[in-house]
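So that you can tell them apart, the chains are marked A, B and C in the order they are listed, and the count of residues begins at 1 in each.
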Amino acid sequence: MSEVELHRCLEAILMVVDEPVSEVVLAQIIEAPTEEISAALRTLADRYEQEQRGFELRQVSGGWRYYSHPEMAPLVEKFVLDGQQARLTQAALETLAVIAYRQPISRARVSAIRGVNVEAVMKTLVNRGLVEETGIEGESGAVFYKTTSFFLEKLGLNSISDLPALAPFLPNVDGLDEILSTLTD
Amino acid sequence: MSEVELHRCLEAILMVVDEPVSEVVLAQIIEAPTEEISAALRTLADRYEQEQRGFELRQVSGGWRYYSHPEMAPLVEKFVLDGQQARLTQAALETLAVIAYRQPISRARVSAIRGVNVEAVMKTLVNRGLVEETGIEGESGAVFYKTTSFFLEKLGLNSISDLPALAPFLPNVDGLDEILSTLTD
Amino acid sequence: MKYLERMSQENSSTAPVVPPSITDGRVAGFSLHLSNFDGPFDLLLQLISRHKMDITEVALGAVTDEFISYIKQLENADQGWDLDKTTEFLVVAATLLDLKAAKLLPSGEIDDEADLALLEARDLLFARLLQYRAFKEIAAIFSERIEREEKSFARLVALDPHFAQLLPEVLIGVGSQRFAAIANRVLTPKTTPAFSIDHLHLPLVSVAEQASKVVEQLRRAGVASFRALIADAETTLVVVARFLALLELYREGVVRFEQMVSWGELQITWTGTASGEVRVSDEFDLPPQTIDEADNV
């Protein structure tokens, strides 16, 4: 299949989907190797950007979908008025960060890491569909929490593994010891 | 506004609207003369055709909308027939849940509860036979929706009263409506 | 913090911990008054950055003094702090003080167990602070991403009728229980509604009354854990009242507290007489107005 032809197929299918479509599904339907589909999607997305299209093609929460271009947001908002949710507070963002990197995690552990009681904030995150319960630990009866696919979508992530690595933000253990040994008053 | 800029605006809006949008409305939003909008839409549509895109921009019942290209219909049909599309999306499930537990309910109400525009999703649910119109409210002229017997069948229930009870901590219907009325338009 | 009504509204912890300034109690939500910080780690980080110091080479003396001075302002502020919040700050403050006092073991020599414990406390505090800082930085990234994301709108349009009629029969894909769970989540109000609680008349619990129950139990057992003493408490209010009663009894010198580790079991030993009346102040049972008036005298 020529590149033009492949792009055409992808554009046609993506125009009718109402949720992200995975590369695997596209490969099945178009009957082409997944790697080829994958490369074609990336090329297509890059071209749209170069051509300064008003829309973009992006891979979010495991699949590809058309979006309006972020720079056009003020214009599009005139059409899509509802759907604007209140901004997350700093406390909610920090709690979300802890859950995202340490999931599944109990509320008590989140509290311990943040150094404050997180009960109200956790409730907000659950209500807003960013976090959900994922089971109860046998012994303690503690409820565990994890992030939802809506969270991925909200952050424009493809999967949890696409989160920036935490390591660079945390000094490594050797470093920590060294740093601590230099601490003086 | 340059031609590129104008095309960008049109592409952004048209990519996310569900209903065809008229040239007059587009002219208002973009703040450009209707004739200019009209000409730009035609140019854009011609370009897509020349570029052999998988989609096309078409004027239908007084407005413009993106569609997959007619030549790609067999592929799109194959995609639609594929089992992937049989399953309801998360957005559709959530909307269905709201309707099931709060019926009869207007679309505006569902939007208010879900915090997003549910127009497209509602249409999907109606098309899938899970939800149907159930009359129009006298004053506002708002259409009300309810779940169908097909919905009950799909969920394996005899009647709506067989739906599992909601969590006790949820405000009862009266209380909830009061809260919602402060949130709705 | 003096009246049960107020305490009951706050998220009282059942953990037996040091209450905020019992002498005054008029401590405040000073996080709003002083600076916009959220918890002790946040305050500590802010202090460190205000002094333009890297957390890794922090001059503990200055930061500790300032941290403690914030805590001290608790006493001058107007409203109550809840138990949880105060403890969080006290734990960090205590650790900082320890570290400052010991000059952070300059030689690195560990002479006795106290030094070792101090070293551990220091490492733990800084490890936790570094971890908190990492998540705070990640939170900023989240915020940027969300902001960017909110500017793009997904194409979410219904299928053309022509294609829609080809669709295979729909699958809801979840059972009725899961369906109800989705409804629960979606139908829970997004904004936390401000409910008036004026109409809620919580039954008042008398501290004096609870004290007599506690005394009776302790006289019988001699020693009891706090957990045991509140085992039959029906409401959080009763737990709070019993805790206050114990503090009153401590002031009267008839009980002794023992807690081996922080957050550990609190053991209460009866040291008073085997019989006879034990006086417990009715300070906690007075209605708010009375206390205000009393304070003004």
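Definition applied: contacts are C-beta pairs under 8 Å (C-beta built on N, C-alpha and C of every residue); 3 or more make two chains touch, one makes a residue touch a chain.
Predicted, not measured: the structure shown is a model, and the values here were computed from it.
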Which chain is most remote from chain C in terms of Cα centres?
B
Find me the chain with the mean Cα position closest to the mean of all the protein Cα atoms on display.
A
Inter-centroid spacing, chain C versus chain A (mean Cα positions, whole Å):
31
Please compute the C-alpha centroid of chain B, do the same for chain C, then give the distance between them in whole Å.
45
Per the C-alpha centroid definition, the whole-Å distance linking chain A and chain B comes out as 24
Give the residues of chain A touching no fewer than two other chains, as numbers and ranges.
15-16, 18-19, 55, 66-69, 76, 80, 85
Out of chain C, which residues touch more than one other chain, so two or more?
153-160, 163, 185-186, 188-191
Can you name the residues of chain A that touch chain C in the complex?
15-19, 55-56, 58, 65-71, 73, 76, 80, 84-86, 88, 90-91, 93-94, 96-98, 100-101, 113-117, 119-120, 123-124, 126-129, 132, 153-157, 164, 166, 169-171, 176, 179-185
Touch list for chain B against partner chain A, complex:
4, 7-17, 29-30, 52-55, 66-69, 72, 75-76, 78-80, 82, 84, 89-91, 111-112, 115-117, 120-121, 124
Please give the residue numbers of chain C that touch chain B in the complex, ascending.
153-161, 163-164, 166-177, 179-180, 182-191, 193
Contacts from chain C onto chain A in the complex sit at residues 11, 38-42, 56-61, 84-85, 88, 92, 99-100, 103-104, 106, 108, 122-123, 126-128, 130-143, 145-146, 148-160, 163, 185-186, 188-192
